[in-house]
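Below: a set of structures, written as structure tokens.
Same chain, two partners: chain A is paired with chain B first, then with chain C.
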Partner chain A sequence: MSLLRKGQQWGTFACVWHIFDATWQDPFKSAHLIKKYLMGLHKPIYHPLNQCGDHVIVINSKEIALRGDHWQKRVYFHHTGYHGGATWTLAWELHSKDPTMIIKKAIYSAMDGTLQRRFTMQRLHIFPDDNVPKEMLENVSNQIKQLRPVPNRLYEIPQEERDKIPRLIQYPSDYQLK
Partner chain B sequence: MNGLQLYLQSLLNIKHIYNVLTANVGYRYIKRWVSPTQKEITRRKRRLPAQPESKRSNFIEWNRNSEIYAFNTRLSEKFDTEKLNQAFTHKSYILDELKKQQEMGIEEPKFDISHNEEYIEKGREITSEIVKKYLKKSLPRLPEVGITALHDYLMSEQMLATASSHIGTKDIILTSEHPVSQQTLAQTFVALVGALAESVNVDHASAFVRDFLIVGLANKDLTEIWCPTKPFELLNDVISAERKISIEARLIGQAGKNTILSVYHVGIYANKEYLGSGFGETIAEAKDVAAINILAQIYGLHHTSQPLRFNEELNVSA
Partner chain C sequence: MVFLTAQLFVRSRGPDEFWRKRQIFKLAAHYIGRKRNCYSIAIKNVHRALLKTTRGRQLKKQDMRELWETRLNGATHEHNISLRILLEGLNRCNILLNRKSLANLAIWEPRTFKCLSDIACAKAKLGGIKRVANNSMPETVMIKGLVDELD
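The block that comes next holds the complex of A and B.
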């Protein structure tokens, strides 16, 4: 193989590292987005038996947002295999035990249950906050766009700027709010 | 149904098939000893050590004259039969025949045919010239080093021998060795070119070389045969000679820097104009690949370049 062909091959099968910020993102909708990068579905050379998947680093998994009352109503089932070994853990309970677990399970179940799934999962790196090892961060060359923009919360805006926001009505000073 | 009958009738018209079909008229089965016997024969054949390749010219129905005639006609060439015979006769064959006569007790052995040494020498010169001229014509921008590399590749023993065996010279060659060596096959090819140049003319011989030898490049990766050793410097020379500006390489992409699968994408620019890019394991390698990429496109060696044409007429004698 000539150097030219080697370069072509090397570029075609390049393994790219992506980063995804999970702040205020729905883990179940994000899972379908991240899955594509992990499996290499976005590449024209994709084939189930072809090793063309990319690495994805998910940061701020602690800050994920669940729809509606899913924190209280979503249940994670586990069975130890022994009699009476079944447990049902609520989403908020699981999240407080391990903040990476919900998004990890979401991505795992977004993929088909093939033999490749566990190897594909090894290319996923989840961090509860934005403390990513420097060596790993140096590999990153692409950022996956978030599905929803992170809303700007009122209490995060400093008081001076908050005062500048135009107001429709001004309550009288003696107005009883509650 | 009628169609099937017609088909069967036409089959019956062929004598050979007819014999096969009528061979087992009269009995409805194959004797029970046939299968075990044939199995045993096959088993014994497998147990034997590798048998030497049989010499086609030792078969009783071998007719050398008709083979020579068929060779000439098959290739639609106009070889002079005498010269063609001479081109196929190697010196070793004559020496071997003389030796045989001596062993038979003949005191003054005589074997009055001429060998192809002269044709080999002449043919090699002609072939070499034709190949060089043809390559220069079809790859006009390729520098002399590249032309020489491609020429040496085509004139290598292996390429000549392949071309020779593909036109069916293996059984007609007269030589002392058996099976015929690669070297002899290669020599026969150039001898044929020499003989053709004498039988018709050099221009016709150039068409022969083009059709049977140079087409060997058709399915090859040309950059594998020749690649510049210092591509970036060479590209800089080429661009600065043409446009009086120097080139610069820029890193336009990278992935997995700290992994063993690190990839760097380097682009080459001349006066902020994009020329081409290449991938590599290291930045230096990617830079080389990018330069080779652009050079191969300039020279017409790239896999996306227009393929070499094999129908161009060459005027060698002029």
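The block that comes next holds the complex of A and C.
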């Protein structure tokens, strides 16, 4: 095998590290995006039995956003196996206990329940904030695009710029704002 | 054979029992335990196996097609189009490649595959497919001959 072909072989089967910023992202929708990179579905050499998946680092998992009232209504079920060992944990409770758990479970359940799933999950690294170990960050060569842009909040815009925003209506001087 | 009476018809049924069973045992030769030694158990398993091979012939084709589609999906998304656009564009250009050869091209000839996806993208854009409206027109494609004739 010539040196060129050797390089091609290396390039084809190389394991790429991706990074994904979970700030203000829906974990259940981004799970389907991250799953593709973890399983190697984005490569033309994909085969369910060969190991062609990549590593994904998810940062800022503390800042995820759930749709509607899912923080209050989404329930995580766990059973210890003993009698009366069932527990139901609300999403906000789970998130306050472990801010990486919701996105981890979302990605786990987005994949099919094959024997490969647990090994695929080992290639996923989730961090509640942006403190990623340096040796991990050195490997990263691609950033996965967020599903939706992080919106600007009004209070984050400085006052001078806020004043420049054109006003559609002028409230009467005696109008009571809440 | 000529059957003069009903009695003779019953007696002359099929080949000899030993040879009839031997046919089945030959098919069950690689089974384990009583499945290969006892006829009544062997024939049940042989029947099941034959049914499964019949089904398996179709399943194999379906599985391969699914694999090629998954691979092509990954390959086309690298070039910002989807598998549907690729197939539609190539069909409209009268480039009649099947999924198997497209997937092989994507693995072994990535640059050829990129050209094909560019052609498909350009054709789809000229055909007014909304899905690729935001893609930029590939620069490597000669557009002149690609425009659909009015019909």
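Brief remarks on what is shown
Definition applied: the second predicted complex is superposed on the first by the 172 of 178 C-alpha atoms of A that agree within 3 Å, B and C clash if a C-alpha of one lies under 4 Å from a C-alpha of the other, contacts with A are read in each partner's own complex, and residues count from 1 in each chain.
The rule is short, and it goes like this: a contact is a pair of C-beta atoms (placed from the backbone, for glycine too) under 8 Å apart; a residue touches a chain by one contact, two chains touch by 3 or more.
All figures in this text were calculated on a predicted structure; none of them were measured in a lab.
When the two structures are aligned on the shared chain, A:Val16 is found in touch with chain B, with no touch to chain C.
With both structures placed on the common chain, the touch criterion links A:Leu90 to neither chain B nor chain C. Using the contact criterion defined above for the overlaid structures, shared-chain residue A:Leu66 touches neither chain B nor chain C, since it reaches no partner. Once the two complexes are overlaid on the shared chain, A:Leu33 sits clear of chain B and of chain C alike. Counted by residues of chain A touched, the larger count belongs to B, out of chain B and chain C. In the superposition on chain A, A:Met1 makes contact with chain B only, while chain C stays out of contact range.
Once chain A of one complex is fitted onto chain A of the other, the partner contacts of A:His42 are limited to chain C, with no touch recorded for chain B.
When both complexes are overlaid on chain A, the residue A:Asn139 reaches chain B alone and has no touch with chain C.
The part of chain A that touches chain C in the complex is made up of residues 36, 40-48.
Considering their complex, residues 221, 223-224, 227, 253-259, 261, 263, 265, 278-281, 285-286, 288-289, 292-293, 296, 302-303 of chain B touch chain A.
Note for the complex: chain A touches chain B at residues 1-8, 10-11, 14-17, 55, 135-136, 138-139, 141.
By the touch rule above, chain C contacts chain A in their complex via residues 67, 70-75, 77-78, 103, 106-107, 110, 113.
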